[in-house]
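Note that chain A is present in both complexes that follow, paired respectively with chain B and with chain C.
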Partner chain A sequence: MKIFVTVKRVPDTGVPLRVKSDRTGIDREGLPYVINPYDEYATEAALRIKEKIGDGEVIAVSCGTEDSIETIRHALAMGADRGVLLKVNDEITDSVQTADILSDYLKSENPDFILMGKKAVDYDRGLVPAYLSEKLGFPLETCVTNMEIKDSGFVLERETEYGVEIIEARSPLIISFEKAKFEPRFPSLRGVMMAKKKPVDVNEISNLPANSTNILSYEPPPERKKGKIIDLPFPDNVKELVKLLKEESKII
Partner chain B sequence: MNTGVFVEHDGKEFKKVSLEALGGVSKIASEKSGKTFAFLFGEIENPERLLSKGADKVYYFKGQNLYIPETFTKLIQEKIESENINLFICGSTINGRDLAARICAKISASFGEEIVDFKIEGDKVHVKRPVFAGKAYVWEELLREKVVVVIRPNVFQVVEKEGKGDVEEKEIEDVDRLKLKDLKPKEEEEPDVTEADIIVSGGRGVGGPQGFEPLRKLARVLKAALGASRAAVDAGWIDHSHQVGQTGKTVSPSLYIACGISGAMQHLAGMRTSKVIVAINKDPNAPIFEIADYGIIGDLFEIVPALEEEIRKAG
Partner chain C sequence: MLYPLTEEEKMIKDIARKIAKEKIVPVRAKFDETEEFPWDIVKVMADADLFRVFIPEEYEGLGMGVFAMCLAVEELSWGCAGIALSYAGTALGTFPILLYGNEEQKKKYLPQIAGGKIAAFCITEPQAGSDALSIRTRAERDGDVYVLNGLKQFITNGGEADIYTVIALTDPTKGIRGASAFIVEKDMPGLKFGKKEKKLGIRASATREIIFENVKVPKENLIAREGFGLFVAMRTFDNARPGVAAQALGIAQSAFDAAVEYAMERKQFGQPIISFQAIQHILADMAIKIEAARSLTYSVAKAIDRGKGDFSKESSIAKCFASDIAMEVTVDAVQIFGGYGYIKDYPVEKMMRDAKITQIYEGTNQILRNTIASCILKEKRKAIGT
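What follows is the complex of A and B.
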């Protein structure tokens, strides 16, 4: 059983970002990076499949610059067996380009499962899983929130606005994960040590596929004016708030 | 430019964001002289209602009210080809985003996720959308001939117009997704946070599952939806479907009342575009006050019931 998990290196979401003054991108100076949080759920799911089945290989794949090896190592420290970097010289901002590179690689690898995040939290698209599904001809379930492994196959849960879908699934399959009901494990110290010895293949991507979008400019989000603290004793502060909502912002 | 719109519904009402898709973006497209096709699946009464919301023609595929992505994709793809549709739009819901990505991949289109603005420059579609969880926006040129976009709720306008056109009805025959075994409906009929005009939201400060009760009461008076921070969800006090933020829902209501929420970056990612933000927190240094329009420093268990009372009085 070959279980692939795709992992992307993204800026840590807990820190502020600045748009460069010439609006051509974000200021990456000193920015901390993490593994895309949804990809952590995918990695956890991959490890659980392997543990349950009792054999198989979990392979962490990332497309990116040399720095993405760090992200692959995170998956290895969690327990993945080996890594593959599809190396490009500059960061790709187009999900279709990424999907083309990933599918070119994966199509000759005979995966049983490809586990992914529902979206990468940098460019926030959520497109790569669908493109891979189309290119590889694998069925796809997106935004999966839970996974149970039974002898007969897998039972997936997918939460929508209408309720929880219960889906029976088997390989080959692509699954993209939402924040799941299970928690990704933290790499142990031993895991981190072992990860350093696990193999990471580097495949140079020399010919970039065509892009489908072109980012013209970046803007900071609209400024929010710092509002007022209603500095009155209780319950006058509550009365004042209701008055402001009624008369100033005319909402209630 | 011909436009197609995926219209979602719960069996009774159309999703507001689907009507916003029909109204908002299709209007720009129709100024470029084209037709707007609505795609409707499942079962709902009076599908012709869509003709007064901006659709020129409704393709109504009748069947069970279940989401069957492979089948929907195939049926829509056929019409995209036969009706020469260049722009396909979904509202930002779980299934809307899923379908949009599948169709995009199927027809090799360019993709605009969660857009908040839209224009046509020459023969190219340009979209504005948030990236990095709302910490920046980009204007993006969609290079391919066909484009698929997903619109953010509460951004585009629903239109009312004179209904012309027709509804073409067909039964769904081949259902690919037999692997869908069950749909457990929601237990409680609570308003969905992504569509609500007002949200009352609670964080770790509510202290436990019962701590949401005063918020629920306030929400009822305001006809609001109930939101939550991840801390409250992870503690098991409320269901994940209520979570607002980067790993939860993105919302932009007219009014967002944050109670006992500190205002972490990942929470702000989901609600910073709300029109008016109210923060109730006992810590004067909580970062939520940095972006709140109105703040009250105090104990939410005192403030929230009083607020409910006061709003009730004000009628």
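What follows is the complex of A and C.
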């Protein structure tokens, strides 16, 4: 069984992002990077599948610049068997391009499962799983929160507004993960040491597929306005607050 | 960077810090309150291979030694010194086997510890604290076994650990020269655990009385030889004391980090309190002490990894200094937090309570000053040839 996990290098969500002064992108200087948190759930799920069936290969794939090897190593340290970097020279911001590059690679690899994060937390578009499903002709289950491996097959859970959907799944399939009910494992020391020795293939993507969108410019979020203190005695302060919420901030 | 680390050392530090930050800090106040033993976190440490750090590669470890162990203890203690003690106390309990165990003993026990079974070291008795030489627990040879009888006091990881290294008298007529070291397993009949102590600090650590009632320990579990008990204990402490120093260091660093953050946020007289020079100087003094302690602890730990020989003096110096400054720094941190520092909703009062133990166990700082002084005298006498 061949299980692919897609992983992306994204800025650490704990640090505030700043738009470059010329508005062409995010100011990346000195930014700490992590593996996209949703991809960590996907990686954990892939490892659990492999452990449960006691056989198979988990391959971490990233489409990104050279630095994405770090992210692949994180998945390898968690336990993935090998990595593949689909290497591009500049960061891609177009989901169709990413999906094209991934599908070009994956279609000749005969994957049984492709596990993904439901979105990358940098651009937050969440389109790649759907595009990839379309291009490969694989079914897709989105925003999965739990996975159980039974003898008969896989049981997936999706949380909806109305309750939990329980889905029986068979390969081939793409699954995109929401923040799951299980915890991604910590990379162990031996895992990190072994990860350095595991193979990572680098496929240079020389001809970029066509892009579908162009980002014109980035606007920094509006600065937070100063708070207002209503310095009136009760009950005038409540009246004033209600008035402001209605008329000024239009929340109620 | 002030302290160049190898890639492996950096990995250990990073993983231990990640565990501290993500798994320990969120629950430390709860464990401090409930005094439960943090088994879930021990499992996280074990899964991350932290217990392998100080175990040689031949026994399923990573073979990295005392310095690497100290890095892990420091970072875990940055999260919570009590939770970290499950780990550091295991290292203490493992040293007798690591240093003087024979091949069979190492093969049997070290892989278990590498995989996350915890250990404990037992020397203290009710009447024998600082005066460890007055222990009374007996180990009488009876054919293929030694029969242990007696009572050990204040044993870290007691009742939780699977593996106990115990100092007991095989020949009471020789006093402490008749002491020997044994490996005792938790499920050996006659091994009992007394009450769990309620403590000022490190409350997530289990401290229990251990009662030996005709515990039959196979003769294969004698470490080194009969009569070597004191020697095994002393060398164990020499190797383990930098771990206490590292624990103290982690507590101090954590208190300092919290104090700086708070001083920048807390406003009085229309400005953040960090703008007052009086506060800045306290913070500067805290930083001076921490850096001096770190430098000392790291260099002693590295010296231990490099050579054989006698480190009693150096390891005592590191433990004394780091634990004394941890106490000072945590008291200062509470002061910087003002009234909020005294309140349990803020983290520093716990650190102050936790810091205190580092001046007491593995030799009180008074006893260690005695050790240091006697080493100085010995060196001096040797130099002048008397």
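Rule of thumb we're sticking to: the second predicted complex is superposed on the first by the 226 of 252 C-alpha atoms of A that agree within 3 Å, B and C clash if a C-alpha of one lies under 4 Å from a C-alpha of the other, contacts with A are read in each partner's own complex, and residues count from 1 in each chain.
Going forward, a residue touches a chain if its C-beta (ideal position, glycine included) is under 8 Å from a C-beta of that chain, and two chains touch if they have at least 3 such contacts.
Quick caveat, the model's predicted, so the values are computed rather than measured.
Contact with neither chain B nor chain C is seen for A:Thr98 once the two complexes are overlaid on the shared chain. In the superposed model, A:Asn36 makes contact with neither chain B nor chain C. When both complexes are overlaid on chain A, the residue A:Leu244 reaches chain B alone and has no touch with chain C. After overlaying the two complexes on the shared chain, residue contacts for A:Val15 are found with chain B alone; chain C is out of touch.
In the superposition on chain A, A:Leu127 contacts chain B only, with no contact to chain C. In the superposition on chain A, A:Asn211 makes contact with chain B only, while chain C stays out of contact range.
When both complexes are aligned on chain A by C-alpha atoms, no chain A residue touches chain B in the first and chain C in the second.
Across the complex, chain C is touched by residues 185-193 of chain A. The touching residues of chain C, when paired with chain A in their complex, are 8, 11-12, 15, 18-19, 44, 47-50, 52-53, 62.
Interface residues of chain A facing chain B in the complex, by the touch rule stated above, are 11, 13-17, 19, 26, 37-38, 95-96, 99, 119, 121-127, 129-131, 133-135, 139-140, 142-143, 145, 155, 158-169, 179, 211-222, 224-231, 234-235, 237-239, 241-242, 244-246, 249, 251-252.
On the side of chain B, the complex with chain A involves touching residues 10, 15, 65, 67, 69-70, 93-95, 97-98, 101-102, 104-106, 109-114, 126, 129-144, 179-186, 192, 194, 198, 222, 240-241, 243, 246-248, 254-255, 264-266, 269, 272-273, 275-278, 284, 289-298, 302-303, 306-307, 310-311, 314.
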